[in-house]
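Take a look at the structures listed below.
Two complexes follow with chain A in common, the first pairing it with chain B and the second with chain C.
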Partner chain A sequence: MTEKVLENTLEALKEDAEGILREWIDQADEDGAKRSDLFSEKEERDQAASMLRAFRLGVRDTSREGDFDLRDEHWADLRGILAEVTHERVERGVLPGEMAAFVLALKTPLFGRLTEKLKGQPDRLIEEVLVVSKAIDAFALYTNEIFIAEREQIIERQRDEMLELSTPVVELWDKVLTLPLIGTLDSLRAQEVMESLLQAIVERQAEVVIVDITGVKTVDTQVAQHLLRTAAAVRLMGARCIISGISPKIAQTMVELGVDVGEVRTRSSIKNALTDALTSVGVAIRSIEDSPRTRK
Partner chain B sequence: MNAAAIYEVGGVLLVSITSDITDSDIIELQEMLSNRIAQSETRGVVVDISALEIVDTFVGRVLAQLTAIARLLDAETYVVGMRPAVAMTLVELGMYLPDNHTALTLDHALEKMRNAGLTDGLPRGA
Partner chain C sequence: MAFPGARKIATIELRTDRDVAKARSRVSEIMKAKGSRDLMTTRFVTAVSEIARNAATHGKGGRLLVYDMPDPRLIGVECVDEGSGIEDVERAMVDGYSTRQNSLGRGLGGAKRLAKTFTIESTPGKGTVVRMTGICTTR
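Here is the complex of A and B:
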């Protein structure tokens, strides 16, 4: 490679930064990457200008050093600005593809100028275009990575919140606990559910536990396995487990999957389960008229 | 033996296991308990494992064995005081102890046994 890789690019950027900027934005507009509905002309221009400035600084240092690597120190500025601009654009609802297309549109004005400058030297032209292309591609990919990282963060946070929200153990009556399960039951949650349930059994000295799965969307073999394990652990602790809220559909699926619940009691509704549980701790719910206390 | 003790309470054998029980202690306990069941003609055994913090497949298997031995000698076994972590471990290991009766505490176990007619006293309310 030559000693000064991006020499001509740098020169072009120095000579006509304004022109490049204008052409870049026009090109982005043409490619459909400009969202004038989300950004004003000025904002768009400011963002592009700050990116271009950082790009120029990066190019200057790279052309001194000779090889291109986005992780290098002298691209830190551009990385920061890319992250900032991407973040802002995500918030306004720009799609990842549009952001990448916007960055890629920079190629057109740069290549046009390089072609002019290196008219008589096709070898050098190809070489330089290759390096610039590689750099801009890396930036576009980088914006995509930022997009993904932000999404991941949101997902992570929501999952944590869900875990905390989803395992309330409620004392229905003396010695009777219930655990209403909602959503999906993966291994992580199943573990959490089992832990808090067993802990509650010890704390409240419970004899019967109702695990209500009315709010569980789907029951596959894995979920069934988790439920049965929980029931087994509850039994080992010396309490009894009733699984309630098994819908007709879930009952059919479970049989089709060949899930054998063994000795675990199942009830279709939490009402039946509650009656069952209260009976076993020696309590009954009666209507007021039947109650001896109100009779005179 | 000091890692486990056997008491006779109201016609029931109470086995208390301490936290630092070793594998050889458990074997010894098994031997002693079967002799005691045969001698005392008891019909109920309560194994209190509330002090037990760590279980492995061996302990789990011995618990199942104790139950099976006791059953052959016409006595039912109740395991009481299992800690949540222990219960979870046993389930993870696939040891569901299907033949054991379980109860939350010694009190609960005694009441269940009374109701089943396994103790000396009459069932409550009879």
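Here is the complex of A and C:
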């Protein structure tokens, strides 16, 4: 009995693949899973047709082995096509639910045909409907898994991009650099920060470096350690390091932690730090009225 | 029971530095929802950061559990790891003591000063449990 479990489904797929395909797309349309705004009739049809073809091949081999498991070798084709179609749909902005609904809509034409074929054999009908249903549900879930995997890749990529973006060394004035730190300063980031900062000191022949931690929420012993080490390295390069943006609450917390900043200069705001830095390179910022215009 | 009468409201797995960052922002969110003042939040979150990092690095991963305390002005956390444990807890609490070179060695002592209550139990070879409570509001 079990070795023939999908016999009638296979037969229906052989007899009337065109009809099933048409009804499937119509049903998807009715369920609101068809995105005519994103895909042309033909694209939609081609995608559905290739999925149906792979489904048929899978069903053919399943009916021999009897058991259903999406991870089986003979479903590899369908898995590949589902991944491809889902990927294309993600790119165009189809929602995960819509993709799943599209796959699920295949049930309607298949069940209709099974009901006709197995008229008078309710036991067989239920059995076969159950297996087909289980298979199609698994495919729908699979498309969701693909969606999630795609999203995770995007998140991972964005995180890497942010990590790189978040260590910009900016030249504020000749020989004055600033490095605004944002977010968390874990060991990996601290290493990157240190490298790009020291490199910039050489390239720009900097004398003063302002490390601004206004955007760092928590300064624990590890962060403090990284900051002090960075400052020490900057000093070894012959430049001065000013740490700015230490808020009152961070100052109090650092005292409780017993962090000693030693000789490292600190300032509460980047404004104060900039004034300091400019003074030490012999420049000052003044309002326009005070200074005589050099031109007419 | 970690704290008598307390209710567990969050669990955070600790494996990487990123998890430590997650633990910080989660505890910070919870405290803000309780109406905690900025200073209180910063202090306690820093303490959480210290013990969470200890679990993630020395403890080879662990869990941070956050509790609603019977006293609504407080928050409780319990940090559990199954790492190598600490041989001499009293010495580990002393500022400047560290088993690693690149460390200030002020983490545990600092966390104790930043928290309202602080207890540590460690069994060498078995792991470490740190429990802390922090004040959210004084009213």
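Everything below uses one rule, namely that the second predicted complex is superposed on the first by the 173 of 296 C-alpha atoms of A that agree within 3 Å, B and C clash if a C-alpha of one lies under 4 Å from a C-alpha of the other, contacts with A are read in each partner's own complex, and residues count from 1 in each chain.
The working rule: a contact is a pair of C-beta atoms (placed from the backbone, for glycine too) under 8 Å apart; a residue touches a chain by one contact, two chains touch by 3 or more.
Owing to the predicted nature of the structure, the values given are computational and were not obtained by experimental measurement.
> Touching A:A17 in the superposition: chain B (first), chain C (second), both, neither?
neither
> Applying the document's definition of touch, where does A:L198 land relative to chain B and chain C: first, second, both, or neither?
Only chain B is touched by A:L198; chain C is not.
> Look at A:T218 in the shared chain and tell me whether it touches chain B only, chain C only, both, or neither; answer first, second, both or neither.
After superposition on chain A, A:T218 lies in contact with chain C alone.
> Regarding the shared-chain residue A:M162, is it in contact with chain B (first), chain C (second), both, or neither?
Neither partner.
> Which partner chains sit in contact with A:A239 here, chain B, chain C, both or neither? Use first/second/both/neither.
In the superposition, A:A239 touches chain B alone.
> What is the contact status of A:A251 with respect to chain B (first) and chain C (second): first, second, both, or neither?
A:A251 sits against neither chain B nor chain C.
> For chain A, what residues appear in both contact lists, the one with chain B and the one with chain C?
Residues common to the chain A contacts of chain C and of chain B do not exist here, since the sets are disjoint.
> Give every residue of chain A touching chain C within the complex, in rising order.
Checking each residue of chain A against chain C gives 184, 186-188, 217-222, 224-225, 248-250, 252-253, 256-259.
> Over in the complex, which chain C residues touch chain A? Could you list them?
The contact residues of chain C facing chain A are 17-18, 20-21, 24, 28, 38-39, 42-43, 45-46, 49-50, 53, 95, 102-104, 106-107, 109-110, 113-114.
> Under the touch definition given earlier, write down the residues of chain A that touch chain B in their complex.
194-195, 198-199, 201-202, 205-207, 229, 232-239, 263
> Going by the contact rule at the top, pick out the chain B residues touching chain A in the complex.
79-84, 86-88, 90-91, 96-98, 102-105, 108-109
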